[in-house]
Amino acid sequence: MTEWSFDVQTMTEPLLKITSVTKRFGGFTALDGVNLAVAQGERFGLIGPNGSGKTTLINCISGALRNEGGSIQFSGEEVSKLPAYQRTRRGIARSFQIPRPFTSMTVLENLLVPLEFVAHRNSLLRPDTRAEAMEILQSISLADKAGTPSNQLSQVELRKMELARAMAARPRLLISDEAMAGLSGNEIDEVLGILFKLNETGITIIMIEHIMQAVMRFSQRVVCLDAGKIICEGTPTTIVANADVQRAYLGA
Amino acid sequence: MDLLLDAIVLGLLVGCFYAAVSVGLSVAFGLLDVPHIAHPAFLVLGAYGTYMLNRMGWDPILAGVALMPAFMLLGIAVYRFYYETFERRGSDAGLRGLAFFFGVVFIVEVGLVMVFGVDQRLVEAPYIGKSLAVGDMRLPLRLLVAFAMALVLTIGLSLYLSKTFTGRAIKAVAQDETALRLMGANPVRIKQWAFGIATAVTGLAGALLIIVGPVEPTIDRVYIGRTFCVVVLAGLGSMSGTLVAGIILGISESIVLTLLGASWAPAVSFGLLLVMLGIRPQGLFGR
Amino acid sequence: MKTNGYGFWIGSAVVLALACIAAATIKNEYYFFAAYIVVQFVVLATAWNILGGYAGYVNFGTSAFFGVGAYIAVMLIKWMNLPLGLQIVAAACVGGALGFAVGLLTLRLRGIFFSIATVAVTIILETAVINWRFVGGATGVQILRPPVMEPFDSYTKMLFVCAVILAIIAVAIARYIETSWIGRGLRAIRDNEEAAECTGVPTLKLKLAACAISGALMSAAGAPLAMYQSFVEPASAFNLTYSVSALAMPIIGGTSHWIGPVIGALLLGTVQQVVTVTISSELNVLVVGVLLVVFVVGAPQGIVGLFVKLREKIKGKNI
Amino acid sequence: MKSIRLFAAWLSAALLMAAATAQAQGTSGQPIKIGIGIAQTGALSGGGKAALVALQLWVDDVNAKGGLLNRKVELISYDDQSSPAVTPGIYTKLLDIDKVDLLIAPYATVPTAPLMPLVKQRNLLLMGNFSFQVNHTVKHDMWFNNAPWNDASSWSDGFFSTGGRLGATTVAFLAADQEFAQNLANGARELSKKLGLKTVYEQNYPPSTVDFSAMIRAIRAAKPDLVFVASYPNDSAAIVRAVNEIGVGPSVKLFGGGMVGLQFTPIMESLGSMMNGIVNYNTYVPGMDYPGIKNYFERYSKRAIAAKVDPLGYYITPFNYAIGQMIEQAVTATKSLDHKVLAAYLRKNEMKTIVGPIRYGPDGEWASPRVITTQFRGIGDKNVDQFKLPGKQVILSPASVKTGEIVAPFEKARK
């Protein structure tokens, strides 16, 4: 339990601090000197049109991609050279835009992976990881699907399982990458509810989302990315009113 | 110095031949992502088809061209089957696809042994057994024919992929299947067509195989390593890269042979592949 | 549940005991010659499955590891006449190191590149052995078997018991990996490598470990070949057949459970042995090809999968 | 429950291995069984298939004459898949399950080698079948190899003695990096050293070589007197073509030596006139007259065509038939099937076969080797029947069967 209890010292400084991060693919610059800071416990929204670099940015944060310039500090530690699994172990968890379940496993077993590889990786005695996984599933009302093979889930169940799996890694920062794409109104509310609940337990959440309503309802602060650059930052209301954001979304 | 020059020229010719026998795989594996380990077996199938037509008095190149429609159909059928049984079912297509094609390899080999026996076969043509004298150098005509055909094949295929509508669709399907689907095209049909073309080209390359040297039913095993080496070295799906990679393989084998001794040639060329995988896995011309 | 290992260990002890009893009572050496090959394939298939079945990385180079094992044994025999046990241990160490090295070079890449790299490694190693006159080069090398050790009355029986022990070790390792967190991590890698990494699985480390263990077992399986054939030659020691069989057997048996490769190897190995002495034609090459295609297409989960389905059907009827 | 299932799984696995031991078979009054494992698939299957046709022919001949010791003869053969890993199993099956009376070794060296400890340990007679020095380390005294060579130099003796007579001083070697070719080349290197020849070019090439133009060109540049080639069938055809295209230069007196494949009908037919001038080893060519051999080939041809194997079969098959004849002679003379008795007879007596009289040396190889060295002459294209004629392959050596003189240098002989 000690692992995710809060460190008093870091409360004051940002949990995640990104300084002039750059990423190029061949000649194409996907991220161009992005600066960003997310505070401990914050609900943070990241928006931007298709191809603006949102997913690239979170890939750089989670470690799926390596940034070429700049630094990524998590809880005061430079993580940009660490492999993804090390970052997960330090408390950065994520869900995927297109769900990536471990298809050969049941829903419960999907959760056992982070439980065994993150939460209890140093335990000599085997704690009851299954009970713990059940607890998490119950908390998002997915317990009845625990024994179902994960390739037989519906879209919303998949989204929820991805979130549950991320939770099982006991994150301090959860990045939700379009977890609501393709869901109905009720389902969106359900997922939003889960995210709010998580945030209440002290987990910082970065939400990437196309569904504007959801982001605006959820986020305390929103950043808009366009062509690899941050074009605007502020509260949801200021963002919606911002001319640049409107141009980026509506203009050519 | 003369010998070195000679080695380079012959390496160039043989290298183009390597490229020719690999272009089909470059499409099937490089663009379509099908683990087509049976590619060399199809090559040998083409060689035997050529042999049969040659016995009836056909020119081997003509025979290879004549085989193309049949191979096209074969390729379409094989891809259709592969798609229905593996790709559509999703997970693990790689592993099971590989196993499937391995099975196909054995079935083709045994089929050939049963029909033709285990003996080596050769073809006859006016350009086999003669050479062109260039200064002090003598270049075997069959290698020159293979060289020319290799150029025609790779350049033709490369033009087809970049200039025609279907060709561009094939390249698009390799990059972004969903986008293509959104545009209203059927990716499966495009892939099927592309695999058909790849197999047709393989049939013609099979004719080159038997023009360059004698063929026996299990000779495909020698080419499994070589063709995949060329395709990976080239960068998956790059046609011009395939040509360059083939030439690199041919020349390096030839130079090693002349300077170090032939027995180390395979180790050197495959060492090249390993190093390549280690430092630049996307290949010379990879995306 | 799965953690209950008593049944497995009792079973292993019984198999070993039966092997020893068979060696003591059955006079007919043929069964041991034939059974040795089958058991050798149990080791190879099980070893292959650790990386191929669990992690989804297809190794085409079983024959490379196998051949290396055989030639390590040859080297040690020629060099200082080390006993069989040490040959096997040494072969396992070298095989493990080789697996680690090949993995380090290519396991960071997509699975298919690893497969191609293993083909390259096979060719490179075979070429190296061909050029290495100390172990006979291309002409091969003949080895005089030392006198058989007590309590065995024939060398073949000793090799057979040795192979059975090796098979039990291999299966025990595979079973441990499968049921432990390592196996879960490997399966996560096979299902989705990026997601695995993002759920805290150290993918590269796990793959390297699997590749090294698998390589070590394959080379260990190759070591007794020197004594079994009392003649080793590169073309047959590095034969593609080993690679194909090691891949076909787990796929036919089922890759998800440790018993799959064992069933596959016992079945296909026995069929091959039977076919060898009944049908003498190309048809015995065809057996592997056809079985492979039939299973891959018709029963993707192998024999184990068929059993599971059958059981579910019966259960379904009861309810 | 789980443990019981696991136990059951293991048990069935174990039972599978131990199963079928109950099978037993009686022997007396039965036909005489002769067991052989011979390549029907894999690299050696070309020779293996033809060899089996010849052996079966002998069995039928013997049975037509009433069998051996008034018992029918039965040949039990299994496919060794050209693999040394398979033969130990096959031969123990032949011995322990099929209870064969006599054994013939597999075709070629590689599959035979693993049998030597087995036959030595059990004191069995083994009739060798075209293998090379497999008895070298084991030293079994009941091994009789039917191949017209003994040590490595016996293959290339004719080539180098002919070369010596032509006043050669330099030699180039080109050899495949495979078992048989390397054995051939080793013998050749020894002989060349004895003759004091200077090696000006030496190349071992890997089995997968696609094109030989560069090597032939290098040989041409080295200007050797003799070019000794030890190659496998595929390579032989490719080398002959490359020589035809590029030429080896006027310096070369003799070209060839140890090219496997130039004895096989399909290859000879397809190469045709390209082979003219090449001096190569062989085992039998038309024109060598031994009692019964003509009649043998007539009958062999019919069966071979039906079986889709080498229709002429000069290289291997008469020797396989001869193995049968030797067994026949020994069994008939000693009226015994006892391996020791038969071995003693084989060691002491001259064997009369369709490939001539054979005597064995103490190591179980032919006492006096008779590998012939021939030169291809006057070969036309696309004609199988020409190879049945004597004089198309002129025998240069050994003297006992010589049919003509060498035409040299190589370029001249090609015209």
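A, B, C and D are the chain letters, set down in written order, and residue numbers restart from 1 in every chain.
Everything below uses one rule, namely that a contact is a pair of C-beta atoms (placed from the backbone, for glycine too) under 8 Å apart; a residue touches a chain by one contact, two chains touch by 3 or more.
Please read these numbers as outputs of a predicted model, since none were measured by experiment.
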Original post:
Most C-beta contact pairs, which chains?
Top reply: C-D
**OP:** Can you figure out the chain closest to the middle, judged by Cα centres?
**Re:** C
Original post:
Which chain lies the greatest distance away from chain D when centres are computed from Cα atoms alone?
Top reply: A
**OP:** Just give me the whole-number Å value for how far the CA centre of chain A lies from that of chain B.
**Re:** 45
Original post:
CA centre of chain A versus CA centre of chain C: separation in Å?
Top reply: 42
Subject >> Intercentroid distance (Cα basis), chain C paired with chain B, Å >> reply: 32
**OP:** Using mean C-alpha positions as chain centres, tell me how far chain B is from chain D in Å, no decimals.
**Re:** 36
Subject >> chain B: positions in contact with at least two other chains >> reply: 91, 113, 263, 266
Original post:
Which chain D residues touch at least two other chains?
Top reply: 41, 43, 177, 204, 206-207
**OP:** Send over the residues of chain C in touch with two or more other chains.
**Re:** 127, 130-131, 190-191, 282, 285
Subject >> Residues of chain B touching chain D in the complex >> reply: 2-3, 6-7, 10-11, 13-14, 17, 113, 117-122, 124, 128-131, 137-143, 212-214, 216, 218-219, 222, 226, 254, 257-258, 261-263, 265-266
Original post:
What part of chain C is in contact with chain B in the complex they form?
Top reply: 52, 56, 58, 105-106, 108-109, 111-113, 115-117, 119-124, 127-128, 130-131, 190-191, 240, 244, 247-248, 251, 255, 282-283, 285-286, 288-293, 296-297, 300
Subject >> Complex contact set, residues of chain D against chain C >> reply: 2-7, 9-11, 13-14, 16-18, 20-21, 40-41, 43, 77-79, 81, 83-86, 88-90, 92-93, 95-97, 110, 113-114, 116-117, 134, 136-138, 176-179, 181-183, 186, 204, 206-207
**OP:** Using the touch definition up top, name the residues of chain C that touch chain A in the complex.
**Re:** 181, 184-185, 187-188, 190-192, 194-204, 256
Original post:
Residues of chain B touching chain C in their complex?
Top reply: 29, 35, 85, 89, 91-92, 94-96, 98-100, 102-107, 109-110, 113-114, 221, 224-225, 228-229, 232, 263-264, 266-267, 270-271, 273-274, 277-278, 281
